[in-house]
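First up is the structure itself, then whatever we jot down about it.
The chains carry the letters A, B, C and D, assigned in the order they are written, with residues numbered from 1 in each.
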Amino acid sequence: MGIVVLYGSSRRDGNSDTLADLLVEGLDVDRIYLSDYNLQPIVDYRHTEAGAYPDDDYHELIDRVLEQDTIVFATPIYWYGISGVLKTFVDRWSQSLRENREHFLAEMSAKKAYVIAIGDDEPHVKGLPLIQQFQYIFDFTRTQFDGYIIGEGNKPGSILEDAAALTRVEELRRRFTIKD
Amino acid sequence: MGIVVLYGSSRRDGNSDTLADLLVEGLDVDRIYLSDYNLQPIVDYRHTEAGAYPDDDYHELIDRVLEQDTIVFATPIYWYGISGVLKTFVDRWSQSLRENREHFLAEMSAKKAYVIAIGDDEPHVKGLPLIQQFQYIFDFTRTQFDGYIIGEGNKPGSILEDAAALTRVEELRRRFTIKD
Amino acid sequence: MGIVVLYGSSRRDGNSDTLADLLVEGLDVDRIYLSDYNLQPIVDYRHTEAGAYPDDDYHELIDRVLEQDTIVFATPIYWYGISGVLKTFVDRWSQSLRENREHFLAEMSAKKAYVIAIGDDEPHVKGLPLIQQFQYIFDFTRTQFDGYIIGEGNKPGSILEDAAALTRVEELRRRFTIKD
Amino acid sequence: MGIVVLYGSSRRDGNSDTLADLLVEGLDVDRIYLSDYNLQPIVDYRHTEAGAYPDDDYHELIDRVLEQDTIVFATPIYWYGISGVLKTFVDRWSQSLRENREHFLAEMSAKKAYVIAIGDDEPHVKGLPLIQQFQYIFDFTRTQFDGYIIGEGNKPGSILEDAAALTRVEELRRRFTIKD
């Protein structure tokens, strides 16, 4: 049982990647770069007979997530929300609810979650709805929302000038260490 | 110049579809069911030479949107946010900014927008971050955010029992009529 | 067991008063116009020996609130929040927690609450933090947050032109009737 | 032209006081402990002839605020919002608008503001509506919202263990220094 990082960025080495990498540096981590996978939008079968869900990489990815006890969501703030690819992945959790609701919720409720969100347009104010959305998500899955980092950055690497974000990384790292 | 409706649901005849259809009933409308199209996630070229953007239906769709002066965003509330397919579409606006920033913003700033969001888990509270996100989006594009409807529904058709949502539809319809 | 209305406005017959009166018209109601009473700010004794709390009307008012099983909070939106006098009253709940925590929480957790908030500067967007604040308050006291109405109005009586607010009043009234 | 700190706590040496004092340590500051003053709730004369406003300390305090070019709002999070006494003070700005709207807005729009909010019940999530409320306030007065610190603390002094809050203090201090 360890840490899985869900990278939501559409490019490598963006600021949310960088901050997430600092957070888990030196730790044994399963890294999932969502944009490397084939993830189709959810099909909503809540009120019909379940048909075929998309034949893509979802099951592989959610299985890797459920194997760990800590999830780090690392996303750039795109249009004041999480990235489309990360949202598409989360939407697919409805498939897991449909396929095995009790199992999925039991697993998710035993985990801790962290959110890293990096934006360039007043993220400390305009990123707040994103944080509130995650709170509602974790309330539903009964996952422990153990902390978040909002960072300000635009050009690659500029997050390294955000001193408060870096300090917050150090704080959260201490929790990992204490746990182990 | 008229109305375009962006349907964000993954199924036809869901509650957000139903309410949007009531809103524009009898009017000349361009209906875009996003899940019918091929829409790939944004590629982030903000800090690199622009490479090839996905060869999919985005240009066709954004052109249809820009032709109208009123945009209705109709989305189910999935995991306390807009649907993944609608988020993916909005994320692609960054491509339009990159391709022709001045044109895109000039067009968007001349439009009115309405949001319809339907959920089944306390949407009048847990849907609020979604509304705040749209406010920030429209602040950025300087689009007039002329109104929203949060509705409560789960099973197909149940939105028709949400009296406040239906009244709000009537109210917003009056604005369309006055305009014409 | 019935309904208590907490009027937070600083003037009589303002729009939040008007809408609250419509909500409870014809019902047996205890009306508390907070601005008619002497309510001093909370004194924080959480970490010291409790000294004397203000000798004012708080105990009378909170006793009247606790006697009923439904609370309606009717407030104008002042500076994007509840009125100062209503906030001062809510702050004093910390005194009740200090004086008899179990009793206060047991009582509050058995009640339903409604919020009416009327503003004139985009209340449907800029009033949302106020609603979220109430949600957190009721989560803490385990009070059932049964509904809210955001209305738009400025001049006295203008709330009567807000058709969606009036419809929402009718909806909430039905819940009272069903209960009785 | 310098800094004014508005202390909203009901007790001295609470955590919001402590953090604000660190923020302005060694600087020339006008300190206003709001609970030391006589501040009555706003009387709403927006739609009537203005009568007598409360004869209390408001004018003295707002004059002291307007003399400075930087305002620090330091408040405990009481019931998921700013303290009642601070809300009462802000509500009274409506009196200043009524008495001399142009002057008040001209003054406020030339200032920078900082917010310090300390709570003990998940303040990094449940304090977000408070931050959004301030954003709307400063949007209205066109005051530059230059930064905020959410801290976690309960017992006096415990804020000194909140490493991220302390780092954020250092960051904001640098802005004061650069300015001078």
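Note that in this section contacts are C-beta pairs under 8 Å (C-beta built on N, C-alpha and C of every residue); 3 or more make two chains touch, one makes a residue touch a chain.
Note that the coordinates shown come from a computational prediction; the quantities given were computed from them, not determined experimentally.
Considering the contact criterion stated above, no chain is in touch with chain A and with chain D alike.
Taking shared numbers over all numbers used, the chain A to chain B interface scores over half, which places it in the same class.
Averaging C-alpha coordinates per chain places the centre of chain A 37 Å away from that of chain C.
Averaged Cα coordinates give chain C a centre that lies 24 Å from the centre of chain D. Multi-chain contact residues of chain B (touching two or more other chains): 128, 132.
The touch graph of the protein chains shown is a ring with every node of degree two.
The chain pairs satisfying the stated touch condition come to A-B, A-D, B-C, C-D. Those residues of chain D that touch chain A in the shared complex are 124-125, 128, 131-132, 135, 145, 147-148, 163-164, 167-168, 170-171.
Contact residues of chain D toward chain C in the complex are 9-11, 14, 35, 41-44, 46-48, 76, 78-85, 87-91, 93-94, 121, 126, 128-130, 132-133, 136-137, 140, 154-156.
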